[in-house]
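Since the structure comes first, as structure tokens, the remarks are kept for the end.
Letters A, B, C and D mark the chains as written, and numbering starts fresh at 1 in each.
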Amino acid sequence: MSQPQKSWKRKLHEIIYEADTRAGKLFDVILLITIIASILLVMLESVKSIDEQYHAFLNISEWIITILFTIEYIIRIVTVKKPIRYICSFYGIIDLLSTVPKYISLFFGGIHALAALRALRLLRVFRILKLARYLGASRNLVNALKASRAKIGVFLFAVVIIAIILGTIMYLVEGEENGFSNIPRSVYWCIVTLTTVGFGDIAPQTPLGQFIAAIVMVLGYGIIAVPTGIVSAEYTSQSNKNPEKEGNSEPFVHLNSQSCPNCTAEHHKDKAKFCYRCGENL
Amino acid sequence: MSQPQKSWKRKLHEIIYEADTRAGKLFDVILLITIIASILLVMLESVKSIDEQYHAFLNISEWIITILFTIEYIIRIVTVKKPIRYICSFYGIIDLLSTVPKYISLFFGGIHALAALRALRLLRVFRILKLARYLGASRNLVNALKASRAKIGVFLFAVVIIAIILGTIMYLVEGEENGFSNIPRSVYWCIVTLTTVGFGDIAPQTPLGQFIAAIVMVLGYGIIAVPTGIVSAEYTSQSNKNPEKEGNSEPFVHLNSQSCPNCTAEHHKDKAKFCYRCGENL
Amino acid sequence: MSQPQKSWKRKLHEIIYEADTRAGKLFDVILLITIIASILLVMLESVKSIDEQYHAFLNISEWIITILFTIEYIIRIVTVKKPIRYICSFYGIIDLLSTVPKYISLFFGGIHALAALRALRLLRVFRILKLARYLGASRNLVNALKASRAKIGVFLFAVVIIAIILGTIMYLVEGEENGFSNIPRSVYWCIVTLTTVGFGDIAPQTPLGQFIAAIVMVLGYGIIAVPTGIVSAEYTSQSNKNPEKEGNSEPFVHLNSQSCPNCTAEHHKDKAKFCYRCGENL
Amino acid sequence: MSQPQKSWKRKLHEIIYEADTRAGKLFDVILLITIIASILLVMLESVKSIDEQYHAFLNISEWIITILFTIEYIIRIVTVKKPIRYICSFYGIIDLLSTVPKYISLFFGGIHALAALRALRLLRVFRILKLARYLGASRNLVNALKASRAKIGVFLFAVVIIAIILGTIMYLVEGEENGFSNIPRSVYWCIVTLTTVGFGDIAPQTPLGQFIAAIVMVLGYGIIAVPTGIVSAEYTSQSNKNPEKEGNSEPFVHLNSQSCPNCTAEHHKDKAKFCYRCGENL
């Protein structure tokens, strides 16, 4: 490939994959708006009364967005050095799934499930934001959640076992005539109650059932203290270890939005000249 | 303007805008009672059975309060040195909106929406209380909330994205026949469930839907730990930095209730002789 | 009064008011059982099907308990040195209210409201337990709650104002046809939603209403973090100040259950020979 | 008993009771799958439509599992040295209850309650997992919960008393015509509301009732802060005392899965040669 062409590719790569240049930032803002618009379209299309009235408008808008996303997808493949790696990456698949459903609808008509699949486009938002600034702000939070993972796992396991056992008891006590028609349904009710959601679509009718339900509620009310306590304590200890300077862009917090044109690796240091993963010139 | 008149204006300004003199305190107490009475009037008026029976009484009371508020509004404009600044300030607009709806009803009849607009009068409560004593008591809390702002922002953003994606899945699983008639409605259901509110106006009917709902609930139950943990940890660290002396009125906690007659700036130091913002004599 | 009689009064006083002697403990246990039995009676009496079947039994039991409580009340008056002070104290009034309703029913028939008044007997439980051991265990908790009082006050005030303003907005948006028939009812709905209770007896039907409701829920979900954070932080700081030895009865935790026969003051030191309030010999 | 036979018993004991050898681990995995399968069977059997269609399959699977559990139960009795102690232990009873109901159904037909009793098999899961790794991870959590026990007890006691008193008041205010048909039912409603579950099967209709309900909700919303605060604070102090090395298998965290063949005591040290409880050779 000739040098000028490479430089042309480089420029496009910078615009699409990075957010350090003015053009890159503009591209990200436009993409963000397009994604949100496309999500709104998917939502509105699912509302019958709106779909009937504005079907043509929604359809055309959807085609425009699909074509825009397709062009973006192609440019992403062209400008990256290892396209296969991009295509198989998480965001590569999401990018593909953002465009495909509309094309399939050409041949098979608007399949219900496929149309809604487009809502996955929302996941693309994470890429744009790159969330660098906020990730910095919430690094301690993420660390705290990681440190609490095992404990919260044990906790959720205990909740599920409690729900199955109490659900079975409620099935025996209330029985089919009061809506507890089988054990899975009773377990569902028990989770609804333990988590203090309380839909009320199923509710105990017998005095004994209401008594057990009261115990379940108080139990759920007490159990909620456990994950909260864990996260609070872990977060406090994380904050003590890494006191953050809020609202300050220290180098070690600052995550560069550059992305390697070769391997799409991100989070390079500000003055990095070579990709830390593949050694490519940045 | 002559000196005596200025002094007369000054006195009124002190009574209305400040709470350090006996007259100023009395004025604030009366205003507080009037505001609460006016809110009760708006509430009672909206109850049909009460409105029918006591319409005349409610109407007259409302007129008395409106006129009182109008007089207060005019005095506030007259006694302040820069009336335009006051009129355009947040409280200036609230003060105006507290009086206007009733006058409009004279010409156009009782417009439903306008009548309820009067409930905004409640916002005036914040001005009177000046909340100095309590602000002192909750300064650490406010600092903790400010420090957690960015993190809680990321958290709420994540909640909304989870709600949209899970809502779309529930729409596909449950479908219109079970009340999940479109995606916005499903997302609404998902937020109702994630936040553990659980109205029960929409509830999953299929076993698969109930299974996903159970996951949503446990997720919501776990997610609630995150903001709590953040606030707890930030508040603890704030308390360690600024240990508060509860129930003690140290100078640095004490917020003077004086307000500059020129620019309406507040929170002057106790012995301040000039406004810290515009240099006006206090 | 002669010495032997005084000693007889003293003994009764020790049995009834204190829990240090064997007889005093026995009395407290019997009283506890009687109170719980009387509460169960009040509850069962309110269940129609049970009341119809066992009316005679419930009535006789109720009379026995009432007479027992009356005797206890009279002895309490006789054995205490300043009966007026006892009669006018909080527990004196509760003790009286535990007996009076049944006597009134003799003359006026079973008045509904009076019968249920007997549930107030439950408050007597607090006296018996004297909760000394547990109060020791939860002293830090009580201190933490006291320290958080002002902050939680500000917080609840803010919740009520948010509920009134959002309730009014919902009233305008949803209107009477969707159950938001007046502002008080809308405010009630708003509190139900903010606190994540979510009965579902009133639920928004319009898309805009559901959108605002979603905001209210997320707000309520976030707000719950605040009191929790306050209590956590205060409790942590209390625990750091007064590290408790759990399950250990150190003198400074131990609250003597003796009560002054003259002025009914409690919480005397273990070896105290005179009442700290009135100087009476203990 | 001859040496070879004892060695044969020893081997079986190692496989069934321990998880250190390869065979022991395999046995545990198979047992775990069998238990989960058996729970799924119990659940599916309770769903009428499934039971009708696949009755034969479910019945045969259930018999296979029951026989497997019976064989396991017998081996457990044979290989342990003090069978009586095992039979009377908690897990011994659970193991027996996992097999008995199916046999009884042979003679008396499928008794509803007995069938569901099989759900107790779930409790067996705890034994297999031995949860050693996770228990290590959550040791501080368990300590924190133990330290908070007394305080949470006082707290729950207070919640129940509040629920009874407020429930009685609601019964008086709302009365039978609005679903508050008796005091126990009102107390049930009060617990549903205090814990923010909010089924909505019973909901106040009168304005006064809704006002009291609003107070109950805000109260419940505030009360939830208390257990959370306790657990957070205790957990923080536990973490300060015993800083855990997450994801690290230090000797003092590592709980050996061996179990004494004589007395079934567990948690032996890694290099222990004799049971710490009965002195048996390990």
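The rule we apply is simple: contacts are C-beta pairs under 8 Å (C-beta built on N, C-alpha and C of every residue); 3 or more make two chains touch, one makes a residue touch a chain.
Owing to the predicted nature of the structure, the values given are computational and were not obtained by experimental measurement.
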Rotating chain B onto its identical copy chain C by a Cα superposition takes an angle, to the nearest 5 degrees, of 90
Between chain A and chain B, the Cα-mean centres are separated in Å by 33
So, in whole Å, the Cα centroid of chain A is separated from that of chain C by 47
Flagged in chain D as touching 2+ other chains are 184, 187, 196-200, 224, 228-230, 232, 234, 236
Contact graph of the chains (line, ring, star, complete, other): complete
The residues of chain C that touch chain A in their complex are 196-200, 228-229, 232
As the complex stands, chain D meets chain C at residues 147, 150-151, 153-155, 161, 164-165, 168, 171-172, 181-184, 187, 193, 196-200, 203, 207, 210-211, 213-214, 217-218, 220-222, 224-226, 228-230, 232-234, 236-237
The answer for chain C against chain D in the complex is residues 39, 42-43, 46-48, 112-113, 116, 119-120, 122-123, 125, 131, 134, 137-138, 141, 144-145, 152, 156, 159, 184-185, 187-188, 191-192, 194-201, 224, 227-228, 230-232, 234-236, 239, 246-247
